[in-house]
Amino acid sequence: AAASLGDALTDLAEAWQAETGHSVTLVLAGSSTLARQIEAGAPADIYLSANVDWMDWLAARGRLNEVSRIDVASNTLVLVAHDGAAASEVLLSPKTDIAALLGTDGRLAVALPEAVPAGLYARAGLETLGLWDDVSDRLAPTDNVRAALALVALGEAPLGVVYATDALAEPRVHVVATFPEGSHPAIAYPAALVAESAEPDVASDFLQWLLSAAAQSSLRKHGFGPPTAEPK
Amino acid sequence: MTLTVDIQRQLGHFCLKAAFDAPEGVTVLFGRSGSGKTSIIRSIAGLLNPDRGRIHLGDRVLFDSDARTNVPVHKRRLGYVFQDSRLFPHLSVRDNLCYASRVSGRGSRRPEEVAGLLGIEHLLARRTHGLSGGEAQRIAIGRALLAEPDMLLMDEPLASLDGPRKAEILPYLETLRGETGVSILYVTHNMAEVARLATHIVLIEDGTVVQSGPPERVLTDPDMVRVVGIRDAGAVLSARVVAQPDDGVSELAVSGGRLFLPAVDAPVGSELRVRILAQDVILSRTRPEGLSALNILPVRVLAVRRGEGPGVIVQMQAGDDLLLARITRRSADAMGVAEGATCFAVMKSVAVSQTDIAVGLQTGI
Amino acid sequence: MTLTVDIQRQLGHFCLKAAFDAPEGVTVLFGRSGSGKTSIIRSIAGLLNPDRGRIHLGDRVLFDSDARTNVPVHKRRLGYVFQDSRLFPHLSVRDNLCYASRVSGRGSRRPEEVAGLLGIEHLLARRTHGLSGGEAQRIAIGRALLAEPDMLLMDEPLASLDGPRKAEILPYLETLRGETGVSILYVTHNMAEVARLATHIVLIEDGTVVQSGPPERVLTDPDMVRVVGIRDAGAVLSARVVAQPDDGVSELAVSGGRLFLPAVDAPVGSELRVRILAQDVILSRTRPEGLSALNILPVRVLAVRRGEGPGVIVQMQAGDDLLLARITRRSADAMGVAEGATCFAVMKSVAVSQTDIAVGLQTGI
Amino acid sequence: MMLGLGPEEWQAVLLSLKVSFWATLVSLPFGVICAMALARGQFIGRDVLNWLVHLPLVLPPVVTGYLLLLSFGRRGPVGGFLYDTFGVTFAFQWTGAALAAAIMAFPLMVRAMRLAIEAVDPKLEEAAATLGASRLRVFTSVTLPLILPGIIAGAVLAFAKAMGEFGATITFVSNIPGETRTVPSAIYAFLQVPGGEDAALRLVVVAVFIAVAALILSEWLSRRVARRIAGK
Amino acid sequence: MMLGLGPEEWQAVLLSLKVSFWATLVSLPFGVICAMALARGQFIGRDVLNWLVHLPLVLPPVVTGYLLLLSFGRRGPVGGFLYDTFGVTFAFQWTGAALAAAIMAFPLMVRAMRLAIEAVDPKLEEAAATLGASRLRVFTSVTLPLILPGIIAGAVLAFAKAMGEFGATITFVSNIPGETRTVPSAIYAFLQVPGGEDAALRLVVVAVFIAVAALILSEWLSRRVARRIAGK
């Protein structure tokens, strides 16, 4: 599964194991890494991606059981600040002067905007809001969203764009704004059975169980939203 | 086993071009510092590849550039005692000594035996750090001996040893040769070692062999004085003890007359070698009077060589033997010493150099 | 400048405990291999720290364990010629020679001058690889000389040199001492070098000084024969030329009588030193007849030392001088040679060892 | 338990030790051979060998891992061959982690050894040859003992590097608990989830502790051996 | 242009060269001092220094980067101090990338140099001292020239490592085009998106090319110097 789902999935795996007695082994790494490994024959049963593109990429290579594909959860994008007082709630709109919020030499921490999912979403959101050009040369792009969060948490960057789930668990950052729905493609976590799964039946059960009320409420606790019905 | 060497090799500006035979016995390579002795020995050992030439040991071909033969170092069965001792620092003294038998099975001698002869038994269990120069060199000699080679190559092996130790080891080298028939190629600067050990001498100068042969002949060639050095130039004569009268003065016969030496410790009839340094010989046109008992031999002048400096070297025939004298140019002129002249050689000092019977009797080394 | 040494140091099982003075001139440290000579020199240079003791050079304190003084190596102003040459491989020969003046500004001599004296001018531009053992050692000597030290420490510096080269360098060392007043502490195994150079001798055995003093006294101590080695033991006497008759036999006066030596190249009246090896002296209770011209001195036996082996060492008084003789135990017993006995010493060979006038006249080294 | 490591964390630590140990041990002889060839050899391709050995140092670990995945993966040419002929598989196994660690550590190992070999006095090897030792015997009886400190240094360096190796490992064999989740991967996983910093820190401390222990051990060993080979 | 590198990719290549060059150059004297202290020094804390130097080797790069961020970040103790007193700042600057690269490469550099120093014959240093050279002069006139090959080896190793350094760099100074986007960061970015392999491959080829060139140059230099210091 994508590394950013780790915590929530650990709880879910335990719950499911308690319920059914089947154990779940979580393999956490970047979506791209995992996709390539599955392509190379990794012994996986379910692929849970933070990124629709890599899901499509695997699907195109016939490595997935397409029918089984579901969205498990969703997420929202937020703007966080290190210093809660200085950057009190702002409204993200085309008129927001992010540059001013950043100060003279502050940078906006984001995940790599041309590569990493969180970065891609952030870019889309900022572009929609017409803020992209203001900040595109004031970015501090990181290899993953957690690193962006860390930059803000340590105060190296005054502001950052991260997932709501990340912001929730980090006491040193303050959410100052949430990206309006529709400003970026829906943040979906698709999951599917791997075509070469050794235990497709159990895996498929688990996949279905992820949509159950119990599982979803657990995900909610970690800050994830319900899977968007939006067809993909 | 005779070693035949005929090699050429360019080393920087230095050109080595040496051809000589080393017959059984002890062949001494003698030459000044930088004349190429070490380079020759390294070529024989296989550590330096000649550009062309041949090296044979008995009927074994060690190197032949024409036949493209080049026996690898470890198959040459030559023992090499280096100018620097080159002990293995990671091994104890005993393991250094046993190295050859460990790696090649060569050698059946016990290390204790050789160590005893070299006076290093008390070091056997030690490691090599802190060994004195002489101790290290003795171990290096022992190590080469224990490999029981067909021929020993020794590059100034005794230079770092003290006199008593040298005197102790030399007879052992002689015994070794007698016992096992192993020949030795020996590099030294020390003329006393030459006189003591050499059965054959090869004189090297600037990378080439300028003279080789038995010491009697090589050492009395006046052209060689330059190479040997004036203080070390001199003749080695064969002598026989003809009388040991009670007054303690022994009478020795050489081909050119009689020599009187106090207390030569050898019975009547024994053959021995006496060494007469050129600087210990003076010449007189008339038989010196009032000095009847001094050693005086009638001689005929064969050659007179003027060198640099105030001295001249005179080569003379005394009976069948050759003698060298070094006198001042002034007196040579005054006395009219010239080729063909007859005169008398007066010996200030004669040293018994080597006997065939008693090895214990040599002059100081 | 006098060097005063009084140090102690434990090295593994070896205990160094040496106290001696090295007065101006050339002090020779003489002792068998492994006796601790190098360790002493290293302590003086500051490369080995004594456990306790003192080292003074003139009025400079180099080391004092009580006062906790320990002058660092580079401030001791001592030139050290190592047993191995230790040239810097990354520098050319010239840069090796100039090293001292480069790093410390010491030394005003031009390297060419010293190189000329040591016969290494042609090597100046070369790198150190492939230098022969003797070449390397000559460069090392030059390097130390060019540092113009207060005292030169030389650890067997000539062991790897050939005779002629040795003979060339020795006078230079003497000149150097004369010119600059630099004292030399000299380690050697070579008795000829001792006789030639030493103005003071320190005999070392097993890490302790067993004897020290001027060569005349030290070398004639019968207890020292063991250390010096039987072949090298012998007396050094002061002599004066009293007559140079026409027949070519010079007459020399020593305190105990007259010596006759052919062709001593020194005018009447000159003072010189003659060396008489113990093995060249035989004893007779009666004056030998029919040998009038041989060198015979009446002597009184001072001491008789029996060693291992068949020989005994006899110390005798000849006038004011001391003589040593080595004779067989059998003849000593037969002749009744004992303390207090008077007899006659017959000299097989006498060598002129060192004169105050002409340094060129010494015996072969 | 000390530091309050949970069983999964202990699993990661033990796995890291196992992986690093085997990576070091198995690559040791190759390292020595390579170092000898580079230090002493005179052959065509010497330069090629040299830069091949150094490649993992220069490439970002992700790339090395990706290349490993491509070639040693179950569908890769080498991996497929090994699997078909010997039944050996690296993909997603701890052996794969060891392979990745070994390859990443190899340049360090070879460098250290090579310097040691170049410091051996050829005069001693000459002396050994004159005493009847063949090339191989000279190597085993003189060169090898003399370079022991270098070998130890190289091995420890490799071990330490293997302990810290992450990028190539996770890319090649993923991050499977109990199989390929080494300490660095575990640290990564912890850092990816909100609130995982404490657990990550604990593991960092353990990693540092192990590495320091290895270094101190090697220093001590090295010094002992160095003393011995200095003849003391 | 050769390999069809775009201007941004060239920028990354040039930046990587700049970062690696300065990282190597500036750490060189520290490396030599550290290596001397470790090889010859007899002081308390020697072991501590030793493992401090080795730390970056053992830790996962991300951790190193995080620690750098903590201490050298603008709000970190060291970073803050440097900023307040000298106005020097590392955060989000190429200097920070150089710092990260230098620290990651430091253990390699020190190891190589230390081995070289340990191989220097102390007898030569003794001889130099007797000729009047103070400790420092002995070092500069004898030890230093003799360890030159080791220094070169260490420097090139460090340079190569700096060229490949990724994890610590991106964590510390993120991935800002033209400022801190080095070749490995760029490669990483390409690998994160499906279909980015070709662009990544082009950069890998460039990286390998540069590293090989550096290695060959250093080999040649090293051999020349080694010949010289062997007195040839």
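To keep things simple, chains are lettered A, B, C, D and E as they appear, and every chain counts its residues starting from 1.
Just so we're on the same page, a contact is a pair of C-beta atoms (placed from the backbone, for glycine too) under 8 Å apart; a residue touches a chain by one contact, two chains touch by 3 or more.
Here is each chain with its UniProt name: B, C = Molybdate transport system ATP-binding protein; D, E = Molybdenum transport system permease.
Everything quoted here is computed from the prediction, not taken from an experiment.
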Strictly by the touch rule at the top, which chains does chain B share as contacts with chain D?
none
Give, as an integer number of Å, the spacing between the C-alpha centres of chain E and chain C.
57
Distance from the mean Cα position of chain E to that of chain D, given in whole angstrom
20
Chain A-chain C separation of Cα centroids, rounded to whole Å
91
For the pair chain A and chain E, the C-alpha centroid-to-centroid distance in angstrom is 35
Multi-chain contacts only, two chains or more: what residues does chain D have there?
66, 188, 191
Which residue numbers or ranges of chain C touch two or more of the other chains?
84, 130
All chain pairs that touch each other:
A-D, A-E, B-C, B-D, C-E, D-E
Write out the stretch or stretches of chain C touching chain B in their complex.
11-12, 31-35, 37-38, 83-84, 126, 130-135, 138, 156, 159-167, 189-191, 228-232, 247-249, 261-263, 265, 277, 279, 282, 284, 288-294, 328, 346, 348-351, 363-365
List of chain A residues in touch with chain E within their complex
30, 32, 35, 53-54, 56-57, 107, 109, 112, 114-116, 139-143, 147, 150-151, 154-156
Sort out for me which residues of chain C touch chain E in the complex.
45-47, 72-74, 76-80, 82, 84, 86-90, 99-100, 102-104, 106, 127-130, 143-144, 147
In their complex, what parts of chain A are in touch with chain D?
3-4, 6-7, 10, 25-29, 33-34, 36-37, 40-43, 144, 146, 165-166, 168-170, 222
Which positions of chain E touch chain D when the two form their complex?
47, 50-51, 54-55, 57-63, 66, 107-108, 111-112, 115-116, 118-119, 149-150, 153, 157, 160-161, 163-164, 166-167, 183-184, 187-188, 191, 200, 204, 207-208, 210-212, 215-216, 219, 226
